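The same chain A turns up in both complexes below, where it pairs with chain B and then with chain C.
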Partner chain A sequence: MAINEPTNATHWSEKLQSVPKPVIFGILLLFSTVPLFFPVQLPNKPIDASIDFYAQAMKIPDGGKIILCSDWTNSTRGESKGEMEALLRILMRKHIKFVLLSIGDVQAPQVAKDTIREVSDEEVAKGGTAYKEFEDFVNLGYYAAAEGTILAINNKVLSVAQGKKDFPVGAGPKDALLSPVFSGIKTVSDFNMFILVTASSTNRTILERITNCPMMYMVTGVMVPENTSYYASGQLKGLCGGVKGVFDLENLMEYGINNPGPHEIESEKYKGESIPGWPGKTNTGKGTAYYFALHFALALLVVAVAIGNLGMFVAKRRSK
Partner chain B sequence: MNLLAQVDPKTFWNAPNSSAELYVKLSLALLFGIGLAIGLMFAPPQMRKMVIFTVTFVSGLFYVLFWLFPAPINRQPSDAPRGPIEGLSFWISDSQSVVASLTNVISGFLIGLGIYSLLRVHLGKIAKQQKDWFFSAVLVTCLCLMVFFGYADWKQRLDPQNFILADPKNWGFINYGRDLLFDGLLQNMDAGMFSIVAFYIMSAAYRAFRARSVEATILLVTALIVILSLMGVVELMWGGVMDGISKENDGLKALAES
Partner chain C sequence: MDYNLLKQFVAVIATVGLYSVLYKENKFYRFWEHVFMGLASGWGLVALWTEVLKSGWWDKMFGATASDGNGAAMGYWMYIILLPVGLMGYTVFSKKHNWMSRIPIGIILGLYSGQQFSAWMTYYGPLFTASMKPVLPNTSEFWKANPPVTGTVYGSEALTNLISLLTVLTVLTYFLFSFDVKSKVLKASSTTGRWLLMIGFGAIFGSTVMMRFTLLIDRMYFIWIEFVKQGLLHMK
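Our next item is the complex of A and B:
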């Protein structure tokens, strides 16, 4: 049973089990915020799942089209927003058009639109072109019936957009199917990729129903173990998980894959290929900002578990 | 192949857009639906059970058929079914997207049901001045504000003349209100609320994650391994150790073969 209140402990093992809550919270606050102000560049080797994600995204032809299902909200913005920003930078630099929709949360479409606007403004500030709603991406909004909608996307993708309206820049609402994003699209196979950014169980909804389009996922750290099996089996072409995944993507966007140099990122799978990055452009974001602090917070978690158990074992021995 | 309201040319089930015939048919359908709902309210419980059972079964049966019934292969738009079996196969395939749209509409009604339930409970608390009625008043006020500003902002943006609202410089009171409530308050409180979970997890890790049995120990060790795998530096070091062992094995293997 957990000890909830500090007791009048005498032996060090009892004191170890009864540290007051404010002290624990204060230590966590320090450990997770101080590294944000004093970041240290940590060594990193991108994992295969992240390398595959980046490589497959870079292999989408310039001007290609994807479906982007954004099912995250600000509750998981520490990981999901970093993933979305990294993905949008890749899409915008390659001028890849996308259909944006959500099946997980009613807030998700607006949160995604806000992020798209931020990244677009960032690209414009660095000399790129703005991403315009209706021209470069079309927002289909939120679908309450997730299973039926994803099944309809797999079987008759245009029916999902029927009746939906989007807002072109400088004009009133227009039928989403009239958008250049849907030009030349007849089935879901005409899209180059289906990418999901999620923090909830919509990963299973989509995996069970999309069979006619390659898929990649961007998930939170706690969802990585359950999705790794889908990546390992080949159902997912790439997987970006948590802050580590975002940091990997940011490294890959800076250095590319198999590009000779002091920070070369090698990949046996892509041996013989050289996939470029975008050195000099804005590639770092939340992954780089939070990576160092994440190590501190997780290390503190491990230490807290260890200390609690140590105190329990010693107290048990004493009582015997 | 289209269903009911999608069929063209028009049939009994539909009418031209914005026509008087369409509004008459919609009104009749609404009256019929209300009559059906009232009829069900006065129906005996056994009959109500049968209706619920039948509707649920038919709804589920559609998707069972969709998964199990042979689907058309390599179907072209001009293909016509060659028999009843193929006709059913074509119909199931064509109607799935219509059924998906129907379920989206029905799911929308659930929001209305949720709002009705919330208001019934919390307005009752306010009226009877029960314990913590103040928080109920806050909830109802926030609900009404969000509905008002959200809907008003949406209606303004639907007007083709109001495309200038894409630029915040052209916003009015309604647009600023929606932005404050949604992006300013709701989004940040959402993030703040889930950040608090980190403190609860830390407290739980310290006080409750104890290896009191063999099973608990296995679970704890597994969780620790997963936590360590999320730390990139640890993964890098572990990968280096594994690479080192692997190279050593390759060296020993080469030695054994030579």
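Our next item is the complex of A and C:
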């Protein structure tokens, strides 16, 4: 449908196939931007994978401990940041302490720390407590040897933190192992969950090596088909994928699971259980903000494909 | 203008600069591309020392004295052996000595191969098990009861499992490249497998497009909502 150079198309069917690329990009920008100014709460039915993710996260006892492997950077901010924010809101409200590390990208720990600070500030503004580095979470930073590191986490988790320093704001470097997050930890099974937020192939590295701790993933949209197999086989306890996953989580945080009301989200799997949400708190974020605009952009794509094919069909018939 | 807004302003200019290539190749785009590459390289170099070499090698070799609440740590001089082994990797640039680069490569390959035996089973084992599902119903009911009775295979479930099994088998036959397939049944199965693969790739491509759109929406949100609306105009 689109071309870069101007053509001498005369018939409308030829013109339909030769719309200049800048025009299409311009329309796409418009379709992606205008809906952002008119946020609409779309109806939603969270998928099982997202429901499991939320339910399992909520089942981590208050004050529990998890490992959070953050392997995303600003290149996938659109999806991964929304996922990370939703997860952090759950962790902070349940006072779950976590070990933060990255095996995917050298910039990832800093990006994660920035997001933690933002969500912590947001929670404080709403009457929550600040999440402090070293006390509530400990940052082990980046590990270059992904395979060896993950295997070491599975077999001898404390060895991974040995020699690592955490750099909390306003204090000197501190031995990561002295953090309260590691207090009482002897093996990886002492952690309640291993959660990975990723936009790269580290999902497979971890899946191949972690056997002693339940796992859940938050992945980008393009990784959903692959990771759905791992969720279906039970290797993952829950899966949050792409902007749909974030939107699901935000809905679940607002309404909970099996809580009677006008917006009840029912789950057959958790029948007989009522998993609460946090109505009145900041639950909506990037998922809700982007989902409406995404529908517009996808509608444009469908229309563009249909127009291009119509033009091609008519032009072919004319040439016969 | 406060610091945060200034930071956002630079990010907005960088975003516009990088998107300007959609119109055509230009110097503004090139500038921001090089800024990005320079920042990433600089960050990577520093992190290589602080996150990898210092904590994983240097500090362990020299140990540490107790300070600021941190305990003392014994140094292990044997870590020095890693230096010549690591440096051997750079002999790949020398025609005369490049044989030495194979030593660290061999060590890495050996370590990786050793891990892969158990990794393979951890990865594929549950997938194999999950593929083996009952394809015959054991009740006359087609639709799943609410709540479902444990151990009952409903008609709809059996049908889903059958589709799943047929997909696995037909896709596997598509990859029978090592001999000439003459059987009509195998050919039909292979063709079905190819179609199913294409449907799968279509779904993956759809997810990819959706992800790219989300990235664009995110940048637009950053420019118009976070910077212009909330930052400049102080609107909620």
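In this text, the second predicted complex is superposed on the first by the 311 of 320 C-alpha atoms of A that agree within 3 Å, B and C clash if a C-alpha of one lies under 4 Å from a C-alpha of the other, contacts with A are read in each partner's own complex, and residues count from 1 in each chain.
Here, a contact is a pair of C-beta atoms (placed from the backbone, for glycine too) under 8 Å apart; a residue touches a chain by one contact, two chains touch by 3 or more.
Note that the structure is a prediction, hence the values are computed from the model and not measured.
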Name the contact category of A:286: first (chain B only), second (chain C only), both, or neither. second
Is A:225 contacted by the first partner chain B, the second partner chain C, both or neither? both
According to the stated criteria, A:107 is in contact with first (chain B), second (chain C), both, or neither; which is it? both
Let me test your reading of the model: by the given contact rule, A:209 touches which partner, first (chain B), second (chain C), both or neither? second
Considering only touches as defined above, state whether A:28 meets chain B (first), chain C (second), both or neither. both
Of the two partner chains, chain B (first) and chain C (second), which one does A:98 touch, if any: first, second, both, or neither? neither
If we overlay the two complexes on their shared chain A, which of chain B and chain C does A:233 touch? Say first, second, both or neither. second
Thinking of the overlay built on chain A, is A:76 touched by chain B (first), by chain C (second), by both, or by neither? both
Based on the superposed arrangement, let me know which partner A:44 touches: chain B (first), chain C (second), both, or neither? first
For chain A, what residues appear in both contact lists, the one with chain B and the one with chain C? 21, 25, 28, 32, 75-77, 107, 143-144, 148, 151, 172-173, 221, 224-225, 242-243, 294, 297-298, 301
Residue set of chain C touching chain A in the complex reads 22-23, 40, 43-44, 47-48, 50-52, 55-56, 59-60, 68-71, 73, 111-112, 115, 119-120, 122-123, 126-127, 129-130, 146-148, 200, 203-204, 207-211, 213-221, 224-225, 229
What residues on chain A touch chain C, complex-wise? 21-22, 25, 28-29, 32-33, 36-37, 75-79, 81, 106-107, 109, 141-144, 147-148, 151, 163-165, 172-175, 178, 204, 207-209, 211, 220-225, 229-230, 232-235, 242-243, 268, 271, 286, 289-290, 293-294, 297-298, 301
Please output the residues of chain A touching chain B within their complex, sorted ascending. 2-4, 17, 19, 21, 24-25, 28, 32, 42-45, 47, 73-77, 107, 110-111, 114, 143-145, 148-149, 151-152, 155-156, 159-160, 167-173, 221, 224-225, 242-244, 247-248, 291, 294-295, 297-302, 304-305, 307-309, 312
Report the residues of chain B in contact with chain A in the complex, numbered from low to high. 66, 93, 96-101, 103-104, 106-108, 110-111, 157-163, 166, 182-183, 186-188, 190-191, 193-194, 198-199, 201-212, 220, 224, 226-228, 230-233, 235-236, 239
